[in-house]
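One chain, chain A, appears in both complexes that follow, with chain B as partner in the first and chain C in the second.
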Partner chain A sequence: MTTTQQHYSPFDCLVVAEQTPAGLLQKESQEVEVLLVLEIELRASDEPLVPLNEKHHVDVAKSNLPWKDRTPQLMMQLTTHRTVFWSETASKQRQGRYLHHSQLLQLNTESAGGLFQKSPKLILQTAAMGELCLVFGAAKKRDECFSAYQKVVSRRGWETPTLNTIQTAPRRRVGLDALLTSDTRRHEHAAQLAETAFQGDAELLLKEAQGLVQIIQHYVATLERQHEFSNAQDKETQQLVGMLQHMGMTSALTPNDTQLARELTDFVRPHLTAQHPVMTLTDVYCLYNRARATHLLSPDDFRAAAEQCHSLQLGISVATLPSGLVVLQNDQYADPVHLQERLTQLLHDHALASLTALDVSRYWRISAVLAMEQLKLVERSGSWVRDETLESLRFYPNRYFCA
Partner chain B sequence: MAYRRKGVGVGRFSADRQLQQKADEMKAVSLQSAIDTCEKLEIKLTEFAKTHRNDIRNDPVFRQRFLEMCAPLGVDPLSSDKSFWGSVLGMGDFYHELAVKVAEVCSASRSTNGGIMSVKEVQAILAKRKTRLGTASAAATVSASDIEVAIKKLGKLGGGFRTIKVGKSTMIVSVPNELDGDIMRVMAVGNEISHGITVDDMIVATQWSRERVERAVQLLLQEGMAWLDTHQGEDYYWFPSSWQEERAKLKEQAT
Partner chain C sequence: MSNFEYPEFYSFPPFFTIQPVLSSREKQLTLWRELILRYHAEHKIKTLVVHDCPLWKNDAIHRQLRYPEEVMQVMEDFVKHGHGEWEDGNKTRCRILWRKPEQLAADIYQWAEQTGHIGSVCTVYELHSGEDVHGLSFQGLDEELLRRALAILEKSGKCTIFQGDTSEEVGIKFS
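On to the complex of A and B.
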């Protein structure tokens, strides 16, 4: 509880969720995220509920504060096991609290509109907390959440792990002739299709689309000149910004996905150790996408997420070296003095007088490009010097160097 | 000379507040019109994309022409996997996985070729592996244009990935080092010959001075993009990127 908190609300009465070091939900076994709602309000009945602390006991300090029956501006994460609500402070510190789905008794919707312009809602009947109400900004989002809840509750994933048997389609044996014929037919069809589609559909589409796109681009250019895009406050401009992002027309629009930045940090931090605190962004991208296996990230999204890590104070940051190479580094060990000490230690460990980029690459198991950059970095500080020969480029500790 | 004490037209009105109101009204109308236009465009693109989704995924020719079609519209279908294109077409996974594979192939061969290899060679390696990319069918092939699109996307990660023309070949460079014109010219000469070449051969081909050729060759040796073979007292320089491309071309012709 912060010293400035003047009341407690339904959010304070939920169970505190465990977080990863990057501030993401620490998931239970077999737990999978189903839906994310960025802005939601949580309401409870008028009767005050019991606030809980991190140890799941009654929070006596909070219970002495006045009760407020609603908590606005929460982010909701629906998983197969729980509904997790996230609250973020001004200093980007997150707290998550959850309602386990085993507590759900009933789920209903409440329509929007009417004489008093009510917002669309989902009503949850729970065993421990009575009636809770989720208030959405749009009916579409409420309906999406409702159908997600129905699926999650019907599967009851928190009770027993489900085993998915992968059914493979039986392989048809076909003769070589049939294979060759079908291959030829496929190529002919594709060639024909490419021609007709782009003589028919594509030309027509281009003709119709170009006019529309010109109007959009004219408007975007006007707003950019007026610097309104980056400061977009009103709902319609935000809607237009969202639509343009959605269609890939993202000239000056930057996505703001802190969730992705945190996931990336959780993944890459174990790889950025004291011995290897730096990796090229390309290498991290390959590792991360390999780990995801499906729904891979685009390089644009990945770079945008990586660049947010520093502002979110997650302990890693993107750095651009003088050659233009972009790396991801662990802030704790990014100090050049630390690098000098590691290189000197490498010399001693392997009884070497000098190092090449290939030596560093081999012993530290990093890419040769990154190894060369690290050697050039210490050379720039003056603590190491180079010797260029036909055979290779070697780096030696500078015995005349005084720090 | 008489002057009007009051202005004419718009100047007659008490300026700022009314003008601001008018500007806000006009802005609201334009904004709504831009939103409506975006919706119309999305509907048209959705109809097209849904009709030709499988062809875009499986046919490299169709895929390339689709990307060429999007370029003048200012639309980047690969900008984000959360975009309209990612959900309707699913082609993001294809290119993103291809980018990962190309990066891995380049990284694995860097110690051999110094970080420069031909698109043909990469294409041959990927074809040999016969891996399935994204949601494309197993029969979907990867074209040279697909690889170039993937490299262009990889370039955004600041690893130095880019494509360059060396003579008649398109090469992938995977190191952030700058390659000046002299180095590119020497590599182009090496590509044309595709076996060991001496400094004298290069002087004849380029009509440069000996110092200039030797400087370019030294730089290539230092970067690992050229190899030196001394045979019977004569220095021959080999370019691994070019002979690998030749091998890939010969294999393609044989199949």
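On to the complex of A and C.
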């Protein structure tokens, strides 16, 4: 929500979610993302609700503004514990507010179409906020969301069943009854574990199928290019897209670079410290993919996500150095003056008069190519000069050639 | 030769690599111009032989300017700034202008004022080899350069030149 808003709406009445530095949801223990809906409208039937501020208190300033019963253009993230709504300002700042699933009383769908061409809706009966309505762009997305909701609510992941509940049961009962109860609970627990395991495997398979999806995406793009002058969609394309949607791969067809950019930032930002503020994009790609284990990311998607980081003002950005080397850098330390100070410090620390790319590479544990680029960067700023011999290319702090 | 005191930057290894960055290179070439001028002026060397100039190499730090590319770059800059003139078309020899003609003209007129030569006549020979020009910028100067400086003075009405066949016959009357 913008700071100069003229009214308040249902979104302002939800609890503010804690975020990671890059603006992602700070998940609770064992909380897992289930579904992402890129555009949704949130409506409230009971009016007016109470707006809340970041400290979860009543936002008095907002409560004096006029009430509007709907908040359009939200992104919805469904997790096992919460439904999180995201709003983005013009300056790409995100705010997340959530509805905890323990508040959910009932779920209903409202059919689309009909005489008045109503939008597909999902009605949530909640304990604290009364009836909330989620308005979707497409009925298919609503149905997908509804089934995800049903699964989440039936599992009640937020209650985090532990072994304690099983162990405490026999204390209340004695004899044969206790044994039977214990046995029943054990069976239930085993069944739940099996279901979770199967679900996990299925999701893993789906994720691994993303490579296939990428091929299909290219295929679809090619087909679209072929038919760009005709409005009629090719039957084959429709069939292919339909097939993918049937497989539940709609999200794969519309990759969300923004989300990925934030995930990437949360991952890589701690590595881009004041001492090592620059890494080659290939290094980051390898590190990131290694951290993702089996859920590998294609180079194109990675590059697209990395390039989003700057426009989202996440504090890191992609830069192409004059040699063509592409790096990811921490904007806070991208200034040549900072680099110059670090290099001078390196000279002092090791009692050296000059540096070669190999020296920098060895001391900073970065690639020689990147080390050379760093030295050339300070050279371009005029603060260092070169000494080129057959033996090596050395760089000295500029003591005499200063303008 | 041996008493010439080389500046500190002459022992700075990057001085012998022409810098690729413009701002650094400009300052570096300025230092080269100053060094060449001071070296030749102090040693009263009128001509620089490009392939035989000791300045290009510093044995103490095992560095030298690459010949001919970097040496020529320094020399072209030196000539462009009016401190020297090529004596041949192949650019192998360069006449060093210790002082630019305008500066020389000013020096000569100042000398004439200080030694009471205003209103009197002296010869070109006296100017470069006379007894009372010892230690001055035009002592031992090439006659052609001297004539060029005098022409500047004549043009500004500060002297009159009486032509003659030799330097001892050419007279100058300062006014």
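Here are a few things to note about the model shown:
Quick note on the criterion: the second predicted complex is superposed on the first by the 289 of 403 C-alpha atoms of A that agree within 3 Å, B and C clash if a C-alpha of one lies under 4 Å from a C-alpha of the other, contacts with A are read in each partner's own complex, and residues count from 1 in each chain.
In this text, contacts are C-beta pairs under 8 Å (C-beta built on N, C-alpha and C of every residue); 3 or more make two chains touch, one makes a residue touch a chain.
Keep in mind that what you see is a predicted model, and the values were worked out from it rather than measured.
Once the two complexes are overlaid on the shared chain, A:Tyr285 sits against chain B while remaining clear of chain C.
Of the two partner chains placed around the shared chain by superposition, chain B is the only one that A:Asp301 touches, whereas chain C remains out of contact. For chain A, the partner touching the most residues, choosing from chain B and chain C, is B. Touch criterion met: A:Asn398 reaches chain C, while chain B stays clear of it. Applying the stated contact rule after C-alpha superposition, one finds that A:Leu358 touches chain B and leaves chain C untouched. With both structures placed on the common chain, the touch criterion links A:Ala368 to chain B but leaves chain C unconnected.
By the touch criterion defined above, A:Glu388 lies against chain B and chain C together after alignment on the C-alpha atoms of chain A. By the touch criterion defined above, A:Gly324 reaches chain B but does not reach chain C.
Chain A residues 388 lie at the interface with chain B in one structure and with chain C in the other. Residues 8-9, 12-17, 19-21, 23-28, 31, 63 of chain C are the ones that touch chain A when the two sit in their complex. Only residues 28, 30-35, 37-42, 44-45, 48, 51-52, 55, 58-59, 61-62, 65-66, 69-70, 72-85, 92-93, 96-97, 99-100, 103-104, 107, 110-111, 115, 134, 139, 153-154, 156-161, 174-177, 218, 221-222, 228 of chain B touch chain A when the two sit together in their complex. Taken in their complex, chain A has these residues touching chain C: 354, 379-380, 382, 385-389, 394, 396, 398-403. Contacts from chain A toward chain B in the complex involve residues 183, 186, 190-191, 193-194, 197-198, 201-202, 205-206, 208-210, 212-213, 215-217, 219-220, 236-237, 239-240, 243-251, 255, 280-283, 285-286, 289-290, 294-303, 320, 323-326, 358, 367-369, 388, 390, 392-393.
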